[in-house]
Amino acid sequence: MVSPVLLIAVPLGLAFAMPLIALISRRLPRFVPLVACAFNLIVAIRLIPTVLSAPVIQRIGGFSPPFCINLFAGPVGVMFAGLIALAGLVIAIYALSYIRTGPTVRYHMLYMLLLVGATGVVLTGDVFNLFVFFEVLCISSYALVAYFGDRNGLEAAAKYLIQGAVGSALLLMGIGLLYGLFGTLNMADIASRIGSVSDISVFVPLALIVSGLGVEAAIFPLNAWLPDAHSSAPSSISAILSGIAIEVGLYAVVRMIFTVFGATSIFMFLLFLGVLTVLMGELCAFAQTNIKRMLAYSSIGQIGLIVFAFAMASTISLAGGLFQLLTHTLSKALLFLAAGYMIHRSGSMEISSLNGMGRRMPLTSLAFSFGAFSIVGLPPFIGFPSKFLIVRSALEKQQTLFTLLLGFVLLGTLVEGAYFFRVVQAIYFKKSGDEPASRSLAPALPLISMLILAVLIIFVGIYPQPVADALSTAASDLLDRAAYIGSVLR
Amino acid sequence: MDRNQLIKWLEAPAKMGHKYSLHAVYFCTGCGIIEVPPSITARWDAERFGVLPTASPRQANLFLITGYVSVKTLKAIIRTYEQMPEPKYTVGFGSCPINGGMYWDSYNTIKHLDKYIPIDGWIAGCMPRPEAIFVAVTHLWTLIDKDMADGYKRYRKYYSQYRANQEKVLLGLEWPPLFPIEAG
Amino acid sequence: MMVELLLIVAFGGSLLTYVLGKLSSRLRNGFALLNALALVIMIGMLYGQEFERSLPFGFLGIQFSIRMNMLSWFFAATILGIGLLAVLYSFRYMKGKERLDYYYFTLLFINASMLGTVVAGDLLSFFIFWEMMSWSTYLLISLRGGGKAIFAGIKYIIMSLVGSLAMLVAIVSLYTAFGTVDIGELAVHMQSASLGLALLVVILFSITFVIINALWPFHTWLPDAHAEAVSPFSAILSAVLVRKGLYGLFLLMYVILGFSFLDRLAVGAISFSNVLAWIGAITIVFAAFRALLQNDSKRILAWSTVGQGGYMVLGVSVATSMGMAGGTFHILNHCIYIALLFFVAGAIEHRTGGIRDLDSLGGLIKKMPVAFVGGLVGIFGLIGLPLTNGFVSKWLIYKSLILEGRPFLAFAAFLGTWGTILYGYKFIHNIFLGQLPDELRDVKRVPFTMAVPIMVLVVLVFLFGVLPGIPLSVVNQVGTYMGFEPLDLNVWGIPSESGTLNVVNLLAAIAVAGFLVWLLFKTLGRSTRVDQSDNYAAGAAIPRGRYGFTREFYAPLYRIVSPYVKDFPDALFLWIADRTKALGGMTRKIYSGYVGSYVMYIVLFLAALVFVQLTWSPW
Amino acid sequence: MRIVWLFLSPLIALVAGVLLLGLSRKIMARIHWRYGPPLLQPVIDIIRLFSQRSASHGILFDLGIVVSLAGSLIITLFLPFGNIAPLSGSGGMLVILYMMLIGPLGIALSGGESGNPNASIGISRNLMLAIGYEVPLLMVLLAVMTRYGTISIVEIVRVQQASTWSIASWPLVVSGLAYLLVMPAMLGFRPFEVVQAPQEISSGPMVEYGGSYLALVSIQHALSLYITISLFVNLMLGGSGNIVIFLFKMLVVFVLFLFVNAVFPRFRIEQAVRYLWRWPTLIGLIGLVLVALVGR
Amino acid sequence: MSFLEDYAYYFGAFGLIFIGLLIMLVKHNLIKVIIGLSILDTGVNLFLISVGYISNGTAPIFCRDDMDPSRMVDPVPQALVLTAIVIGVAVLAMALAIAVRLYQRYGTLDLRKIKELRW
C-alpha cells in the first residue's frame, strides 16, 4: 500500500534538493524531473485500483478530520495526479533537449515545484492547503513564463502575476470568510455544515472563491493572462500550463462548487459562462495569425467546453468533462510541443511561417495534426469520445435550452475546426517561401515525447472504454457529496 | 423538260444536278456585285434557274467573280476557288476581270485572271445587266452538257503552272499546294 | 468473417501501402493495385449475402455491428470498383509527383472509410467511418497545393464538419432516446418515436446528407473541391464519395424511418420527400446553369456532379419503385460516367502539362483519340442519350415523375438535361474539337494504364445502356431490400403498361439506320481529307496559331442568365466566414494588453456575480 | 407488316420532308412575288451534292453527319404516322425527346470537328436556341403527358381521337398556344433563323459542308421539318387514322409557319432567347399549372 | 461603540482591500500596481486575522486550569496569515524581480506602454 503523500513529498524533496544535486553534476538536474514524474506516475497507477474501490484518506499530523490537514486521494485526485505525472514526464523528456540555455537548474526546480503544486491541489482535502498549493503552482509558473527573460516573456509574466495575485487575494478572502462562517477549513467539514447557514452568507465566499480560482482556471472574462502567458512562455511551459495548470484550476473550481458548496444553482450561470468562454476563445483564436496565441485561445475555448460539461452536473457530463480535460491535456500538450519545434525551426510564430513545414519536419507535423484533429474531436482520436460524452449528456437533459446551448458550443467547435484545419493545411500543402525544403527531424527526445502523446491520443481514441469507466467512477465521486463527507469524517 | 432530256437525266443524273443546281458564291470583288441582288430577288428571280447564293464556297459549284480583281483580292479568289468542291465552274462577270477594264493600266489590278485560276465563261459589259447572268447560266448549261466546262480539270492538270503564276504575282502563298506539284 | 476481413484488408492495405512506399515505389504501386483488386474480388464474393452481426468490441458501451445486404453491397461495389480503376489510373497520372506514399495511403484510406460507412451496422460506427472519410478526404483535396486547392480543402472540411456535428447530435439524440444505435433495432424503435424527436433527427441527418451530397444550397464545397483535387481522386470524390449522402438518405428514409413514418411528418404539402424533391429540382437547374458559366474542364464536371445528385434525389424522393430504381440506378450510372469524364479530364491535364482552361485547349481529337472516345461517351452518358446507361436511369426518373403527376419536378429534370447538353457539348468542343493550337502540336497519346480505366468505363457505359436489365436486377434487389415492389424487368429494358422501354429495339434501329446512312454516304460521297488550316475564312488564309471559337462559348446566354444564377449560397457562406473572422477580430480587442483593464474584468466579474445574486438570487 | 412499315415509314417521312422543303421554297418565292424553283429543286440539289467531291476534316466530321441523319430517321419510327408507329412501344415520348437531340448533336459534333469558328458560333447558337425553346416546349409536353397520364405518344393520339384534339380541349389550349409560339424556333424559321444566318456566319454549322455532307445535312433538315410538324400534329391536332388527312394537317401547319417565316426579319440570339423565355414560357407555365390543377 | 469596536478591523481590512484594488485599477506604473497588490494582500491578511480575533482574548493555550475557551483567540487564522504573508512576500519578490527585468527590457514601467502582447 503506497501512500498518496509520496506523490507530493518525493517531488517536493527532490525539487529542493535540486541545487544540491547540481553540485554533484551540472548534467544531473535535468533528469530529476524525469525520475520524479516517473515515480509519481507509478505511484498514481498503483493507487488507482485502490481508490476506485474506496478513497484513501491520508491524515497528516495524527489528528483526525476535521482538525487535521488531510489528503483525499479519491479517484479524481489520483487520476489527476497520474495525469499530471504523465504530462510532466512527457514534457520533461521534451525539455531535456528543448531547454538548453538559461538557468536550467532553476528551470527544472521550478518545473518540479509547479508539478508539486498541481498535485497538491488535486489531492488536498483542506481549503487553505488548496490555496497554498495553488500559490506554489502560480509562483513557479510566473517565473517559468519569464524563463527566457525576453520582452514578451517578462511582460506576460508581469501581467500574469498581477492577475494571479488578485485572484489569489480573492481566493484567500473567500477562504477567510468560509473559516469565519464555519470555523473549519476541512472541505468535508465545511461541506457537511454548508446547509446550516443562510444562502446569502454562503454566496459571498462562493463568489470570491469562484472568481479567485476562475482566474487560474481561465474562465471568461478572467482569462486575459492566458493568451499572453501561453504564447510567450517556452513551449514546454506552454504545454504544461495549458495541459496542467488551467486544468488544475478547473478541478479546484469544480471541487469547491460540487463538493464544498454543493451549489447546484450556480450551474446555470456556469453553463452560460462556459458557452460564452467557448465562443470567445474560438472566435479570438480564429482571428489569430500567431500560432501559439492561437493555441492559447483554443485552450480558452476548450476550458469553456469543459466548464459547459461540468455545469451540466450529471454523471455522464462530468465524465465527459473529465474526458475532455484529459483530451485537452494530451492534445494541447502535443500541439504546443510540436509547435515549439516548428517555431524553433522557422524562427517565427506566424502561421504563415509554418508553410511547408510538413516536408521539413514530417514527424513533428504529423504530431501536430494528430493534436489538431484530436482537439477538434474527430474519430479515431481521443477528442471524439469526450465530445461524444458531452453531446450525449447535453442531449440527455432533454431540454430545449441545453440543446440550444449545445448548438452554440458545437458552433465553437466548428470555428475551432476552421482554424486548426487552416494550420494543418499550411503545414502540409502550402509551399514554403525561400527556404529549400530540406528535411530535418526534431531531435530524438522531443520526438519520443510527442510520439508518446500521439500514441496515447490514438490509443484512447480507439479504445476509450477503460478510461471512460474510470472517469465515470471519478465523476460520481465528484458528484456524491455525502460519500465524500462520509469517507473523510468517518 | 422534254422527253429526251428526261432520258438523259436518268442516264446521267449528276450532270442534271450540276446544271440545274448552280449554287453560286458571289465573290463581291467590285462594283459588279450591284447587279446580283436584282438578279436573285423578285425582279429577275435567279432561283427559278436553280441559281442560289450560298454562304460558303464549300457548298457552291459556281464562282461568279464580279468586278475588278486587285492583287490582294486575287489571293482570296484563289483560296475560295480552291475550297470549292469539284466539279466547279467559274464565271467572270464584267469587263474588269476579263482584261482589267477601265483599270487596265493600274499597277495593282489583275488583267488576266485566267492565268491564275481557270475561267469557264465570261460575261462582258460594264456593267452587264442581270439578264446577262441568265444568258451566262444557260450557256454554262450547254457547256456542262458538252463537258466543256472543264476548268476544274484544267486546274488540276496544269496546277504547277497556275501555282507558279500565283506565287509570282503574290510573292508566295500562305497555304500549301492543293495538289502535289511534280518536280520541275 | 468476410466483411471484417474486407475492412481489415482495406485499412491494413492502406497502411501497408504507405510502409511499402518507403521501401520501393514499384512495390507500393503493385501492392496498392493488388489490394484494390483483392477488395473487388472479395466484394464480388459477398454478392447477395444478407446478414447483420455485432462485433466483439464497442465504443463507450455501444456495441459495434456490421451489416451486409444489397444496399450495402451496391454501394460497396461502386466504391471498390471505382477505387480499383482510380488506383490503376494513378500510376501514370501521379508519376513523378511528390508525396506519392501519402497519396496512395490516403486514397486507399478514404476508400476503406467509405467502405466502412456502408457496411456499418450501427450509427456510431457509421459516424466514425464517416468522420474518418471526411478528414482523410480533406487531407487529399489540397494535395496539389496552391491557393485554390487549399481554399477548396478548407471549404470542404468546414462544411463537412457542419454536417458531421449535425449528425453527431442526431445520432446521440437517437441513442439517448432509445439506448441503441443499431440500425436494425432503431428501425423497430423509431416506429414508436415521438414526432418531435423524429423531426429533429430527420432535419439534422438531412443537413449532413444534403451537404455531402452537395445539394443546393449546400453544394458550395463541391465545385472547388472536385476541381482542385488530383483527377483520380476527383473521380472518386464525384463518383462515390458524394453519393455517401444518398446512402445516408436511404438509410434514414427507408431503413430507419420507413416511408410511411416520414409521411406522418408532413404538414400539408410540406413533407420530407417533397422538400427533398424540390431541393433536388433546384439543384438540377441551378447546377446546370452554373456549369454553363464555367471555363475549367474539371469545374464543369464538378458542377455536373452537383446537378446529377439532384436527379438521384428526385428519383429517390418520388418513392415509387420505379423512381427508386431510377434514382439508385442513376447512382451507379453517374458513378461510371463521371469517373470516366474525370479520368479523361485528368488525361488531358496530364498530357498537356496541366491545362484545364477550356479556352486554351482544342483539336485534341487527333492527338488523343482514346481520351476523345472516353469524353464523348461520358458526355453522352451524362446527357443520357439512348444506348448509354444514363438514358435508362433518367428515363425511369422522368417517367416516375410524370406518372406521379409532378410535372414541375419533371420539368426541372428535363431542363437540367438540356443544360447538360450545352455544357457537355462545350466540354467536348473546347477540348477535342476545333483547331489544334500550335503549342499542343506534340501532345502524346493517353498512356496505357490511363487508357485502360477509360476504356473499361466506356464499355460499361454502353453495356449498361444496351443491356440495362443486368444492373437493374441488382438495383431491383436494393429496392426490394428497402421495401419496394420489384420492378418488372427484361434484360433489354422495362416492359410496363404505361410506356415501355426497349433498348435493344433502339439499338437495332440505330444500328440499321446508321449502317444504311453510312452506306449511302460511302457509296455516293467522295471526299478528301484536308488540313485544319484549309478552312473557310471568307477567302483569307487562316492564321497559323489558332483560329477557333471557344472563348465565351455561350456568351449571349451568359448575359441573360448570369444575373440570376449567381452562386448566392456560396456568397452567403463566404460572407458568414468573413463576418465570423471580423467578429473574432472585434472580440479579441477586449484583451487590450493593459493590465488595469484585466484587473477590472476580475472586479467586474465579481460584480456581475453579485448582481446576478441580488437580482435573481439563485443562491 | 410491321417490318415493312419499319422501312417504309422513314422513307415516307423522307419524301414528305423533301417535298415540304421544296414546297417551302416555292411558297416563299410566291410570297416574295417570285416564280420560284421547281418543286423538286431540293432533290436536284441533293443529287448535285452527292455527285460532288468534298473535303473532309476528320472521322468525326463524317460520323457526326451519319449519326445525325440516322437519329432523325429513327424518330420517324417512334412518331405515329397515321396509325402507324412501328417502334412506339420502345420508350414513348421520352425516347422521342432524347432522339430529337441526336440530330443537332451529331451536326454539332461534326461541325465542331471542322474547326471553323463560324460553325462553332452556329452550333453555340443552335444549342442556346434549343434551350430557349425547350423551356416552353417541355412545359407543353409535360402538360400533355400529365394531362393524359401516359408517356406513350400512341396513347396520346388514341385519347385525342376518342375525344377531341388537345388544342381544342380546355386546359391544354393554353399549352397549345405556347406550342404554336415556339414552333418557328423549333423549325428554324424566321424570326429564329439565327443558327444558319447565311449572311452573318456563313450558314453556321454547315459552313464546311460540301458535297455529300451537305446532301446528308439537307436530308436531315428535311426530316427534322417533318418530325417537328408531325410531333405537333400528333400531340395537338389529334394525329389521324388516315395518312392523307395526317399529311394534310401537316401541310396546313407548315404553310402557316411559312407565312410567319416569310414576313419576319431575324432576331439576334439574345433577343430570341429572351422572347422564348418570356411569352411562350409564361403561357406554357400557365398551361402546366392549369393542367396540374385540373388533373387528369 | 461596541459595533465599531467589533467591526473596526473589518472596515480596515476591506478599506485596505479596496484601496489596493483601486490602485491596481487606476495606476499605470508597475511599481505602484505592485504596491497596490501589497496593500491588497495586507488587507486580506488583516481580514483573516480579524476573523479569529476576540478583543481582550487570551492565547489559546491551556496553561492554567481556569482558562475560558470562549475567550481564547482562534489560533488557526494566525497560522493562516503567517503562511499568507510568506506567500505574499514571495509573490512580491517575484513581482519586483520581474519589474526590474521589465524595466531593463522596456525602459519604462508604464503599463500603458508595455502592451506588446494584446489581442
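Couple of notes before you dig in:
Should a chain be cited, it is by its letter among A, B, C, D and E, assigned in written order, with residues numbered from 1 in that chain.
What we mean here is this: a contact is a pair of C-beta atoms (placed from the backbone, for glycine too) under 8 Å apart; a residue touches a chain by one contact, two chains touch by 3 or more.
Just so you know, these numbers come straight off a predicted model, no measurement behind them.
With steps allowed only between chains in touch, the distance from chain A over to chain B comes to 2. Counting C-beta pairs in contact across B-C and across C-D gives the higher total for C-D. A centroid comparison over C-alpha atoms places E as the chain most distant from chain B. Averaging Cα atoms per chain gives one point for each, and the point farthest from that of chain D is the centre of E. Taking the mean of all protein C-alpha atoms as the reference point, the chain centroid lying nearest to it belongs to C.
One inter-chain figure worth recording: chain B and chain D are separated by 35 Å, centre to centre, where each centre is the mean of the chain's CA atoms. Averaged C-alpha coordinates give centres for chain B and chain E that are 115 Å from one another. Here the CA centre of chain A is 43 Å from the CA centre of chain C. Inter-chain centre distance (chain A to chain D, centres taken as mean C-alpha positions): 77 Å.
Looking at chain D, one finds that residues 50-51, 53-55, 118, 202, 207-208, 211 touch two or more other chains. Taken residue by residue, chain C touches two or more other chains at 534, 536, 538, 588, 591, 595, 599, whereas all remaining positions touch fewer. Counting partner chains per residue, chain A shows two or more touched chains at residues 158-159, 162, 166, 227, 284, 287. Across the whole structure, chains are in contact as follows: A-C, A-E, B-C, B-D, C-D, C-E.
On the chain D side of its complex with chain C, the touching residues are 6, 10, 50-51, 53-58, 60, 62, 65-67, 69-71, 73-74, 77, 87, 89-95, 97-99, 101-102, 105, 108-109, 112-118, 120-121, 123-125, 127-128, 130-131, 134-135, 138-139, 142-143, 145-146, 149-152, 155, 202, 207-208, 211-213, 215-216, 268-270, 273-274, 277, 288, 291-292, 295-296.
Put simply, chain C touches chain A in their complex at residues 57-61, 127-128, 131-132, 134-135, 138-139, 142-146, 149-150, 153-154, 157-158, 161-162, 165, 168-169, 172-173, 175-176, 577, 580-581, 583-585, 587-588, 590-591, 595, 597-599, 601-602, 604-606, 609-610, 612-613, 617-619.
Every residue of chain E that touches chain C in the complex is listed here, in rising order: 21, 24-28, 33, 111-112, 115-119.
Across the interface of their complex, chain C is touched by residues 27, 56-58, 75-77, 79-80, 83, 173-176 of chain B. The touching residues of chain D, counted against chain B in their complex, run 25, 29, 32-38, 41, 44-55, 118, 196, 198-199, 202-203, 206-211, 214.
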